[in-house]
Structure formats: C-alpha cells, structure tokens
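Both of the next two complexes hold subunit A, though its partner changes from subunit B to subunit C.
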Partner chain A sequence: MPELTVIEAVRQALDDALAADQRVFVLGEDVEAGGVFRATEGLAAKYPGRVIDTPLAESSIIGIAIGAAHYGMRPVAEIQFADFIHAGFDQLCSEASRWCYRTKGDAWLPMVVRTPWGGGVHGGQHHSQSIEAYYAHMPGLKVVAPSFPADYYTLLRAAIDDPNPVLFLEHKRTYRLIRQEVTGSNGEQRIGRSRIVRDGADLTMYAYGLMLHECLAAADELAGEGIEATVVDLLTLAPLDRETVLEAARRTGKVLIVHEDTLTGGFGAELAALIAEHAFEYLDAPIRRLCGPDIPPIPYHPNLEAFYMPDRTKIAAAARELARY
Partner chain B sequence: MTKARRARASSGTAGHVGDYHLSIAQLEQMYYYMLLARRLSERMLILNRQGRAPFVIAGAGQEAAQVGAAMALEPGVDFLAPYYRDLAMNLVFGMTPREAMLNVLAKRDDPNSYGRQMPAHWSSPKRRIVTQSSVVATQLVHAVGIALGARLSGERLVVMACCGEGATSRGDFHEALNFAAIHKLPVIFFVENNGYAISERTEKEMPVPNVADRARAYNMQAAVVDGMDCVAVYQTVKPAVDQARRGAGPFLVEAKCYRLWAHSSEDDDSRYRPRKELEEWAKKDPIVVFRDRVHADGVFPLADLEAIERRVEEEVRDAVEWALAQPDPEPEEALTHVYKEA
Partner chain C sequence: MATVVMPQLGESVTEGTVIRWYKRPGDRVELDEPLCEIETEKVNVELPSPYAGTMGEIFVSEGETVPVGRPLCEIVEAEVAAAPGGPPRSRARAPSPAAERALTGTRADAKASSGTEGRRFYSPAVLRLAALHGVDLDEVPGTGIGGRVTRKDVEAFLARRESAPAAAEAPSAPGARETVAREAEYEVVPLTPTRRTIGDRLSRAVREIPQAWTMVEADVTELVRLREQTAARLGRRLTLLPFFARAVCRALREHPNLNARFEEGELRRYRDVNLGIAVAAPSGLVVPVLRRAQELSLEGLARALDELVERARAGKLRLGEVEGGTITVNNTGAFGSVASRPILNPPQVAIVTLERVVRRPVAVGDDAIAIRAMVNLCLTFDHRAVDGHEAGAFLATLRSLLEAPTAA
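For the complex of A and B:
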C-alpha cells in the first residue's frame, strides 16, 4: 500500500471495513457527498445504501447508531466536528457507555463514533476544541486518539471490530499534514495500548494528535542541545495503558504532559495523578503540564490562537527547564 | 341460551367474538395480563412499604393501553423499546411474574439488570426487549436505529417505541420521529398520555391538545385512542403495525389514559392532584371496566373470570415468595462487565 495521509488512511479503513463486513455502515451529516473533510469520498457510490446522510441532529446520529449496533450491525457514525458532539453527550454517556454494564453483558454495542477534533485550523470557538476529557471520564466508552496514518488505519479497523462503543478522535490539523506507509493489514497496534515512539534518558513527553508531532519536533531540536526525550504516543486514552505510561515515567524521572485542551480537569490531570500515585519515588522533578490556558477555547484571531496553542517552541522551552531541574 | 353462549355464537369470523373482532383466547389474554400487571404492582408497593423493595414505579391505569398495544406485536420477531411504566407490555412479551419480582427486589439474577439499575428499567435481549435508562425519550431513537439496522440486513419486523407524554417534549422524541419518517421505517411510536409528568399537567408540557398533533409536522400518520379501553387500543395499533410491517412507514398512536397512582413510591401526589379528579378517573379503571364489559356482554361466564383471577393471585403469591428467597448480588460483582470482551 502506498504512503497515505491521515484522511486517506481513515477513508481506506472505512472502505476496507465496508468491503469486509456487510454489517458495517456509515451514517452522519454530508457523508453521502463525502463529508466536509472528504473522509467518506466515493464510498456512497461504492456501497449503495450503506453510507447514509442524516439530518443535522447529533443526538439521533449517535442514538440511531446505538439501536443499529444493538440489533447487530456495526455502525460507524460521523460527528462533523467534535465541538458539536455534546448534543449527543446523553446518548454516549447515559446510554452507550452503560449498555453492556447495565445488562451485565447480555447486550453490547459494536459501534464507532468518529469525529474531527483539535485546533490550529483557525476554527474559532466551535471548530477547534478538544473534547477527550469529558468522554475519557466515562467508563464503558473507549476513547482513541491516534497520531500517525498507519495507526489511524489499524485502530479504526480495530474500533469497528470492537464489541464496545469507541469514540475515535481524528485531529483535523493532521489530516493532510503527514504521510506514512500503511501496510493495510490490521497490524499490531491494539486499542488500549500506548507506544513509546522515541527513546531518550532525560525526560518523557506524553501527547496525542497534533501535539504528538509537535513533541517529536521539539525532541529533535532538543537532541541537538544534548537533551534526549522519550516521547509516548498515548493512542488510547480510555482504557488507559497505565503500564506504558508508568514505565516511561520511571525510566526518565521527569515528565512533561502536553495537550491542547485547557489545563484544569484536562486529560493531563489524570496522567499526572497516575504518575504521582504510582511512580512518585522515581521522579526527579515536579510533574509539568503544558496545556491550553483556562479560557473558553479557542479564540479565532491568529494571534490569539497561536497564544492559546502549545507548539514545538513552547514544548522545547518547557522541556529545557525540566531537564535543568 | 346463556348470554355468554349467545355472544360466542354470534362470532363473525371463526372464533371471533362479535363487536370485539377478537378471539376468546385473545380476550382472556387481555384480562390476564392487565390483571397480572396490576396485582404485581400492588404487591410491589406492599413490599416497598414493608421496607423490602426500595423503590416502585408502576403503570396502574395504563394496563389497557399497554396490553392492547403489545398484543398487536409479534413477540420473538418484533422489538419492544418500553419505558419504565410498561410492566404489562413486558409480561405480554414473555417476562414472568418471578422475573418481575426479582427486578423490584434488585436480586442478583434479575435478567433486566442484575441489580444494576433501579427497578422498572426493562431489558431482555432474547425477547427483543431493549434496555433503557431513566433518561426519557432516548429509547425512541434506539428504536429507530433498530429499525434501520433490520432494514439494512433485510429482516422484516416492527419496532414499538414507548414513552409517556412528558418525554415528547425532549429533542430525542422529535429527532426520532423525523428520521423514522424520512426513511419510512417500521416504528410504532406509542405514547401513553397519562395526563401527568410527575406533577405537571399536559397544558404545562405542550401547547397542543394531543401529542398526535405533533406527528403532522413529520408527515407521519397518527391516531388518538381511548387508552382506558384495551380492545380499542388493540384495534387501533394492530392496523398500524400491519401496515408498518408491509413498508408503509412509521405511525404514532397516542393512548389517552390516566395515572391512577402517584408518580412513584417516593411521590406524594396529594400535593398537586385534586382528590376529586382521581376519584372520577378511578371509576374508569380499565381493568374493572373491561371485566364489567365482557361479563355484561356475555363473553365470559363469571366463573371464567374468577378462574383467571385465582390464577393471577397464585402466580403473584408464588413470585413474591420465590423472589424474596433469591440471592442478592455480591458487592464485588459491581466491577464486572464494564466492557464486552471480544
């Protein structure tokens, strides 16, 4: 298989899943025309009747996926922007996440909700947000946030095959940012596993989505200065791969947690608490979080957005400080 | 010739009783299920007052609507997405009195939720009864999704989605009707309008006199029926089910009924409901009315009705005695089944 961008990997995964399993179908706003990011381009014609436009109503997009999954189908719902998913919060958190638990496994929901998230696209308040912390808080949901095209492919296929509801987060700024060879097999990467993508003895960076790429860029820059960073691609936020998170923290003794979401109650708070609880004796410096400031994210003007977003420069600066500690 | 014999002799089609357009067996079922639901609910309330059942929410006054509607479906083929008052519907779909009692006692083996949800949150995948939460109207959208899934996989079935009139103010009600109507899905929206959303009367809930009026906005067929009349409900729902099964699309039936009891065991309805109103409606108790009617019309001799009543009493007694002796969940069981293992 050739090198693919993130959006191409997503489309390929959908295409292959639709071809492999008659139970798979796609629903969402504008998906028949290919979707606003072209994730479903060409699929409606290739799989007649199995790529279904919905009214602009997120609660029912998710609720209908619940019903279809309960029946035995494998729906893949698209929420056009993560910022709009909260209209379906009730369906995801009051219903989907509890379906298996409240029936003690008599019923379950093999369904996926895909949604583009994240800033850096001049999307303002409602086309830029990070939503992962709300949903990773809800036991019963799986929350996946890959960074590389091959993982997008593999984990989307795995999400569609998973018997549980999976919220699949696609960082929209990375859709066409990077290319990578995608083997086309279901690969090794599994839901629930994080991966150390760079080794370094001085500190560990944790990130996902666009920030993972910013961390890697910062780590390259730091290497030129003699600071070697380990970088952990979290990949799955819920259920969290605690072993990999803790192993990396213990190995380097210094941790820098990076995310676009606002600081307070962000997913980094959970990582920090986990590391403080279980790797405290290994730490050589206070845990450092580099996150969006606590303002309603994300302001529109480029000056304001750039101020809000963590990036490689801010990450490198924070890492230098941490390394010196 | 006795009156009963005359009624039976005047049957129009084979085995059907005169004006009822129903068989003797169907009429027996109606009385049996309505009475069983009521007697079970009464015993549940007693268990609650005894401190043995923490919470009871029931459908007294709505049994005719529930039984009439559920009997129009085909158990084992059709799906039922009930709401919390729909005990009688679940009984028609095969739930046993013992299971109903396990449920109200939150016993380990309650097949509805194994002690994980409050009582009356029904579920039985093998009977095609869809699990629901306490959040009203969400199940209507699930019903639409089931209908869509069935259509995509080529299975012909009908889904009945139930709610009270209170739930029809929520967005999910409207989103469900909208999608079902656009795609002509075989969903029967069965609204049990019992006049109250806890303390709020319908005029505080909606600006139209009937929930059924709302269907027009979705180009959906709808009917209003006397929900205190089990036969009328069946005769209204059955053609709607039949035409939905043939592909004619969704249908909304609003059954006007009345909540004879408080909202739940925790509610004191004397704070908001005039006693006189309650007394007037109690005279229309659907089970009493049904009994009087079939007896007066000579459908059943009194002895037949009494036999059903004895059977119900015995089944309820057995269910309570048996369920009380069943094990509670072990505390550690709380941790299992967060995720389905692949």
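For the complex of A and C:
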C-alpha cells in the first residue's frame, strides 16, 4: 500500500473489512454519500446494501448496531461528530457495555462505533469536543484512539474483528494532516497496547490523537536544547496498557500528560493516578498535566481556540520546566 | 516530667550537635537557663530551658549529632515558672516564648533562608536510588531547581563513583598498595557542620552564579588621618572598617541595585542595608548581619561592629543574626591581602572588600610623586543582577567617599 492519510487509512480498513467479511456493514448519517469527512466515499457503490444511511438519531444508530450485533452481524456505526454521541450514551453504557456480563459470557457484542473527535478545526462548541473520558470510564467498552495512519488501519480492522463493543476515535484534525506508508502489518495489531514512539532520558510524555503529534514536534524542538523526551502513543485508552505506561514513567521519573479534553476528571487523571500508585518510587518530580482549561466547550473564535488547545509551544514550555525540576 | 528535644533551629536545619552540657542530672534548672550548647550547620546556640525543675536523665552525650525532634534530656518536676493558676503539668510541655524566640529567630529570617530549602526534599526516585546503591545524599551535588538533587544527579554521582576506583586500579596491582601507603601519610579531618555548609554554599555559588569581579584603587591618606583623630576624640580603638561600612551604605543610596537579593526566582532590591560582615571565627567563616546599617552613625557602626564581631568569634550568634544580609563587606586587609576575589554569599548580589592600606609612591598632580596611603577595593557581583557599568559606578562612588571623608 502507498502512503495514506488518516482518512484514507480509515477508508481502506472499512473497504478491506467489507470485502473480507459478509457480516460487516456500515451505518450512519450520510454514509451512502461518503459522510462529511469522506470516510465512506465510494463504499456504497462497491458494497450495495451494506452502507446504510440513518436518520439524525444517534441513540437509534447505536441501538440498531447493538441489535444487529445480537443477530450475528458486525456493524460499524459512524457518529458524524463525537459531540453528538452522548444522545446514544445510554445505549453504549447501559446496554452495549454490559451484554457480555449480563449473559455470563454466553453472548458477545461485536460492534464498532467510529466517530471523529477533537479540536483545532474551528468547529466551535458542537464539532470540537473530546469525549473519551466518559466512555473510558465504562468497563465493558473498549476505547481506541490512534495517531498514525498505519495504526488507524490495523486497529480499525482489529476493532471490527473484536467480539466486544469498541468505540473507535478518529481525530478529525489529523484526517488529512498526517501521512504514512501503510503496509497493513506496520501498525499496532492488538487493541490494548500502547507504544513508546520516542526514547529520551529526561521526561516522559503521554498523548493520543493530535496531541501525540504536538508532543513529537515539541520533543524535536527540545532535543535541540539537550532535553530528551520519551513519548508514549497510548493508542488504546481502555483497556489501558499499564505495563507500557508504567515502564515509560519509570524510565525518566518525570511525567507530562497531554490531552485537549478538560483537566478535571480527564483521562490524564487516570494516568496520573495509575503512575502515582504503581511507579511512586521512581518519580523524580510531581506529575504534570497539560490539558484544556475547565470550561464547557472549545471556543469558536480562533484566538480563543488557540488559547484552549495545548500545542507544541505549550508542551515544550511545560517539558522544560519539568526537565529543570 | 518533661522531655526536651532537639529544637528546629531554622526551617532548613535538620540536625544539631550537642557541644557541651551546662547541667548535670540533679542540677536545679530555671526557666530559660541554658541547658547545653548546640552546633548546627548555621550557627551555635545555647538551648534555653523551656521548663523550670530538676535536670533528669541526659540522652545525648557531648559531641553527638542527632536529628531535630530527638529527645535530649528530661526535666523532672517540670513547671513553668510564674504560671498563675492552672495545673502546672499541663503547661509543662509548652516551651516558653523566650525559648521559642531565641531558637527560631524571626519569621522573616526563616523565609529569607528558603534558598536552602531544596536540599531537604528528596523525590521518591532519588531516595530509592540512594537506598539501592548506598549513597549519602549529602555528598551529591544538586542541579535541579533550588539545588534539588535529581535522579540524574544521583546517576551521575554513581557513574563517577564507579569510574573512580577503576581509574585508580588502572596502572595495575601496585596501585592499590600505593593507595594504602598514602593513607598512613595523612590525617582525616572530620568536617564540622559549619565547615560543610560553608563548602556547599560556596560551591553552589560558584557553580550557579555568573560572578564578575572588578577593583578600584583609592587614596585614603586623608581617611587614615581622620581615623587617628576620631579614635583620639572617642577615646577608643578604631579600625577603618566602620568608615568603610559607612561609605558602603552611602554609596548604596546612589546605587541601590547592589543592595539586593536573588530569591525565590526574583531579584529583590532592599530598602534597608543589612550589612553582612565576614568574620573569621575559630570554627570557620561566619557572616553576622548588621541590620539597618544605614541608620547608624560612625560611632554607632563602630560599636555595633565590635559587638557583633566579638560575639561571632565567641560563637554566640543567634540564628537570626546570620541571615537576611543584603550585601557583604569583608575586611581582607586585616590579614594583609592587597587584592582578593571574594565569592558571592547568595542570594546577595554583591560582596565588597577593603584591602590592606599600603603607603607607596604615587603620581600626584601633573608632575610630582608623593607617598600616599593607598588601598584597593574589590567587588564581586552577580552579573545577572548588575552590569559592569553599574558595578563600576558603585565602586567609583565608594572611592570618592573614602577619598574625601567626613568626621560625622
């Protein structure tokens, strides 16, 4: 396969999954026409009857997917923007996540909900939010948030093959921003693994999605100043790869957690607690979180949005402070 | 019965050494009467008894160093003298206000010493490594914020420690014997807490502060004459130091940026001149501080300096008296030096010396040579706080004040 963008890797994974397994089908708003980000472009024509438009009703989309999965199908639902997924919160958290538990493991629920998330696209308050913390909190749901095209490809394939409900988060700002050669075997093959993507002795950064790329850019800048950062691409938030997370923290003893979601109760809080609990003796500085401020939405105005979003400059500044500590 | 513990002698002090006991078991002890003398990294103090009663058991022998909070002795039938009403036993454990004051100095002093706070905190990573490899963290130089010892500092220390014996062994087997042989030729001098603190502070000052140095030469022929006259008038011994101190205070009025401290990440310019005086005490260098020196007359300065230096030499300074200086003066001429390059006393940004007065021929006027009393004034300054131009201007002012002295 050639170099693909994130959106092309997603499309390729859907295409290959549809071709490989007759039980796979795609549903969502405007997916027949290709969807607002063109993730399903061309698939409706190629797989007639298996790429299905739905009404603007997220609860129904997820409910249909749950029902279809009960009946042995492998539905891949698209929620047009992650901001709207909460209409289906009850379906995901009260129904889908518990199916295996309720049946004492007799029945599984092989379904995927894909959704674009994250800021940096001037989407304003209804097209920019981070929603991962709500769902990573729910046992029984897997939450995957890749950063590189190869991982998007292999992890979306893995999510579709997974017998459990998987929430697959696609950072919309990276859709056409990040390119990578995708061979089908060069991405992370398993859900539940994180990866150390850069090695450095001075501090450890944790991120996913757009922020992972901002961390890598900051790490490049810092290397020029003699500060070497280890960077962890979390890839899967639930179930979390605790071994890799803790191993990376123990290496440097200085931890910088970055996400664009708001600070309080964000996913970084779980990481910080985990590290404090299990790598305490290795810590050489207070754990630092660089997150969105605690305000309800990401603002629309570009200046305010820039103020809200962590970026490479803010990350580098926080990292410098931590390295000096 | 009440227990007297090793007091917290300033925020950054963690331990103290009992130098000598003044009381023996069975002795009568009055409130605030000195029980023993304690040496800390910063200063020697007499421990005033927080209770009145009879001296009981002594737990710490002379010369022993114990951490803050460790019981030192017991006082039997302890009572707080002149406690009107209330059960004496319940009051017995509350140290007297006088004891508190003597031991801790003022709040402001304690805050001013917070530059050394970093040394007290070790992160879990540092403690773990130290325990694993048997490292005495006091020996590890810290490069973190406020001199904190970081994980990397410990690792670097371990790497040095490992490579050091390897290098010694390198020349082959006889090397080891040589090391042993040499050990018989020297004597290990145990470092006193004072000595170790001096070493740590100076090393850190040199490592962390960009220090610049400059010197001017002053003609003090007039000043030497004035000193003799003044000494005769006052009927007392008088050195040049009070004249120098007064000139420094006046020069700082024109160049206030040198009367400053770099603390807690900011440069603080002080309104009062709290003059640090370097004193060579038998136990090592101490720098007692003469507060609000700018308010004192020449005679006042002379008295205050005499008194401070005398107590410094006798080891009788209180903790509050060695902290909070805003500039330091050093009378290096007293031991014959004609030029010296002092190291800053952080967080102060300047230290200035008065060198030895030397009578020598100098050119005067356009075409004459005369024998004049000449002296060098040396200044080390923190280049982060002050530029050479300003430092030079300060010295120039100081010189003109010394060259045209006034009696008052």
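We adopt the following convention: the second predicted complex is superposed on the first by the 321 of 325 C-alpha atoms of A that agree within 3 Å, B and C clash if a C-alpha of one lies under 4 Å from a C-alpha of the other, contacts with A are read in each partner's own complex, and residues count from 1 in each chain.
Just so we're on the same page, a residue touches a chain if its C-beta (ideal position, glycine included) is under 8 Å from a C-beta of that chain, and two chains touch if they have at least 3 such contacts.
Since the model is a prediction, treat every value here as computed from it, not as a measurement.
Of the two partner chains placed around the shared chain by superposition, subunit B is the only one that A:Ala65 touches, whereas subunit C remains out of contact. Legend: residue contacts after superposition of the two complexes on their common chain; A:Thr103 is shown touching subunit B, with no touch to subunit C. When the two structures are aligned on the shared chain, A:Val121 is found in touch with neither subunit B nor subunit C.
Of the two partner chains placed around the shared chain by superposition, neither subunit B nor subunit C is touched by A:Ile196. Looking at the shared chain after the overlay, A:Tyr282 reaches subunit C, while subunit B stays out of its contact range.
In the superposition on chain A, A:Tyr325 makes contact with subunit C only, while subunit B stays out of contact range. In the superposition on chain A, A:Gly253 contacts subunit C only, with no contact to subunit B. Shared contact residues on subunit A (touching subunit B in one structure, subunit C in the other): none found. Considering their complex, residues 201-202, 252-253, 280-285, 324-325 of subunit A touch subunit C.
Of all residues in subunit C, only 123-128, 144-145, 148, 150-152 touch subunit A in the complex they form. Across the complex, subunit A meets subunit B through its residues 22-23, 25, 49-50, 52, 54-55, 57, 59-60, 63-73, 75, 87, 90-91, 94-95, 98-108, 139-140, 142, 161-164, 239.
On subunit B, the positions that touch subunit A within their shared complex are 79, 111, 113-114, 116-117, 121, 123-126, 130-131, 133, 135, 138, 141-150, 152-153, 171-172, 175-176, 178-179, 182, 336-342.
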